[in-house]
């Protein structure tokens, strides 16, 4: 362990804390903190997925919450129909079906919106992804069957083999393991030849094109992978909250995901998880003191931007790496 | 972080020991965003109620915890989860917004706690989703517009145009007025909620429809914006306005400050009014005005009632909070003194109560407030009760 | 087709579009020239509305309040530039977004603390509070005509400023080549602060104009800022002409969508479903428009010439 950098230490310690603390809270009767941790870990997965394209690929997606929503509705809609009837084709509590739907729909949505969005660059890319996110938001808002804006209560969670999602401990275990896998997956991708091209295109696109790479396709592939991972986070979130609404896809939610990544430190392995943890915990702590918690929270965000380079992970970048 | 959480942990364990001697009540309302104006009024009323009780119910101290729903269903559910799981409250009350209530109800009811709505009354909660541990200290959404539909019939209005926000309560209001109004509905506009505050396009449509009246539902700050624009559009004579829940004791002082005299004389239906003549109401209104310098709104009145409803339950079982059946039976009997006067509960635990037509007037001190013009219903029950499987 | 209704709705759309232009013009100036993404631009819109609303009660007249509130809003903008924005210019866009989002939270909460959650209803002088009948059936509130008039006047003024004055020349030069302008011996810091304050005044003016209609409310900035961004993206960042055209288009689409879409929808679905779907879809249309425009022209309608 001696050859770990400071950043490495923070990552390992952080992940160990996430593995131990929440179950401890649950066993000591602090179910609410377990809930908080579950939300945090699931949003961590979403932030990790966003970091793949935002941090390593330079594609600032401002519409990523749409994938969370799609994943969640992939649980909610079949479950709703299995309870109240109608739409026999997908009406089911079968978790595998929900999962396939969540991943499939996310992939399709990412493929279509990515193909169009990647024609643009910079701020225009930010805004066009936001536009697609808003379209998804308003689409679900307009669906009267699923209560539109009022949202949908999931009465029965996805039924999976071996895992009972009604158990907070098992749901947390699944989320935590998923987070670890997501982080490893992003690491593998980033260190592969594919990842090299992706990062190369972020730094100097012309050069990669001259070298003979079709960077558009590389980027599109990364965008779809990121979208699918985020859709998976949505699948978990739907099962966790058991209440889903179009609000999950609103641009402010996409903004929060973005803030988590930047706050923690873009293009780092643990940054997104640190960002989502700090974001959610600080929000929870501040809001228990005052209803005006947005004020110190805002000051904190401004402070981070002004005084720390590269987000909170920048604090640990003293030496090494 | 770890230290902070374990400190929180230790603190809750300590309170756990002391828990036996108190009744814990969570009150979920809106304390941030523009919706906070309603939430603050409820907060004042709840605190006044506790003061009037001397801080005790059934011999137990009252431990009141407010939760802020941030005007969002998801946040409302999260804060409800926290009240139920972390604070381990015995009752959860509050809920201004129907969609927040719908999102949160399961968290409370699955945990075996009592849920008291102090405002929201969406149809499903009164019908197929009715629950033995749910009670309302307000009304079912459709009731108030149904009373307004009745008023429209009495006034001989032949056709109306309808404008309401596009969320659970808005849909309930439209359904309600459609149910009783016998004339023709020439058009319905549902607007984006809660973001849309400019109604120029909808007002132009309403005017062009040639309707004899305009039925509107805009709670909170949107109500003020709507009234203002209605007046600016100069429709007072050509398209009379009939509202529910859009003019209240929160917007009237603002209108008075802006000298917006058009609102004087406007009429709307409701189950309560500050002038209702009973001891409980007189005390509530007088003390509220003395303390806060303004009339309480209907939101405040219902929040005040919700606390006394809970008190009647805790009193009935002599502070034995494990006696759920006893508390439920006590609440079901609605035997507490409500500021609206006596009412009863239907099988779905929704009030069967009187509805009045209220009018905006100046009081003897020149303050803008309301008075009762007529009684529309003596004892009205909502239409969803038949879908509820409880007896 | 009811042509009177159509005419009235076009005017309503125009009024909404011009308000949007006031907000978007400041945003596009700051973005185009300072290369600074300012999410807090919408909060200045709210602050303008609140300052004006408070002053209306102090001074007793809405118009006087606007005249005093305008420079005050400019000062707020100037202060924000000095304290926060200036320190962010040399960071990248992501830092701008995070930092100004923090600023939004700070400003919105401060407004909540200062003015309370209730918002303020703003009274108008009697002559502005009435209506005029342009022709039979077309009755328009006088105040909405005033907004249209103000919007058009400000738009004309801005074109003149940007195209025919020394400040405008510097602004244009600064947008395309920052180093060159400072090489000319121009104090670029002061220029930037002035542009920022001007943008704040424009946004604040929009807030003041909407206040008598919707009231001054906390949170009103968050709703307009994203639409304003859509406007400047469609128009092309930094382009005043683009912002104007895009703002009018979006104002018209939004209003006409709200007016006629539900009737259109009843042709293909039942009445209840149409009532729910129409407002959502009409809100969706501006995003569809933006996506289509960007798919065809990846830099908006009037892309900046030199960067």
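Letters A, B and C name the chains as they come in the text, with residue numbers starting at 1 for each one.
Here, contacts are C-beta pairs under 8 Å (C-beta built on N, C-alpha and C of every residue); 3 or more make two chains touch, one makes a residue touch a chain.
Remember, predicted model here, so these are calculated numbers, not experimental data.
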*asked:* How are the chains arranged in terms of who touches whom: line, ring, star, complete or other?
replied: complete
*Higher C-beta contact count, B-C or A-B?*
B-C
*asked:* Can you compute the centre-to-centre distance for chain A and chain C, using the mean CA position of each chain? Integer Å is fine.
replied: 32
*Which whole number of Å gives the spacing of the CA centres of chain A and chain B?*
37
*Multi-chain contacts in chain A: which residues touch at least two other chains?*
148-149, 294
_Per-residue multi-chain contacts in chain B, two or more chains_ = 32, 36, 166
*Among the residues of chain C, which are close enough to touch at least two other chains?*
112, 276, 278-280, 283
*asked:* Quick check: in the complex, which residue numbers of chain B touch chain C?
replied: 32-37, 39-40, 166, 171, 174, 188-192, 195-198, 200-202, 204-205, 207-208, 221, 224-225, 228-229, 231-234, 250-251, 254-255, 257-260
*In the complex, go through chain A and note every residue touching chain B.*
17, 21, 25, 28, 30-33, 35, 147-151, 153, 155, 241-243, 245, 247-248, 281, 285, 287, 291, 294
*State the interface residues of chain A toward chain C in the complex, per the touch definition above.*
54, 60, 116, 119-124, 126-128, 130-132, 134-135, 138-139, 141-144, 148-149, 251-252, 255, 258-259, 262-263, 266, 292, 294-295, 297-306
*If you look only at chain B, which of its residues touch chain A in the complex?*
1-2, 4-5, 9, 12, 31-32, 36, 68, 72-74, 77, 81-82, 85-86, 98-99, 102-103, 106, 166-168, 193
*chain B touches which residues of chain C in the complex?*
2, 4-5, 8-9, 12-13, 15-16, 57, 112, 116-124, 129-131, 137, 139, 141, 143-144, 210, 212-215, 217-220, 223, 255, 258-259, 262, 271, 275-276, 278-280, 283
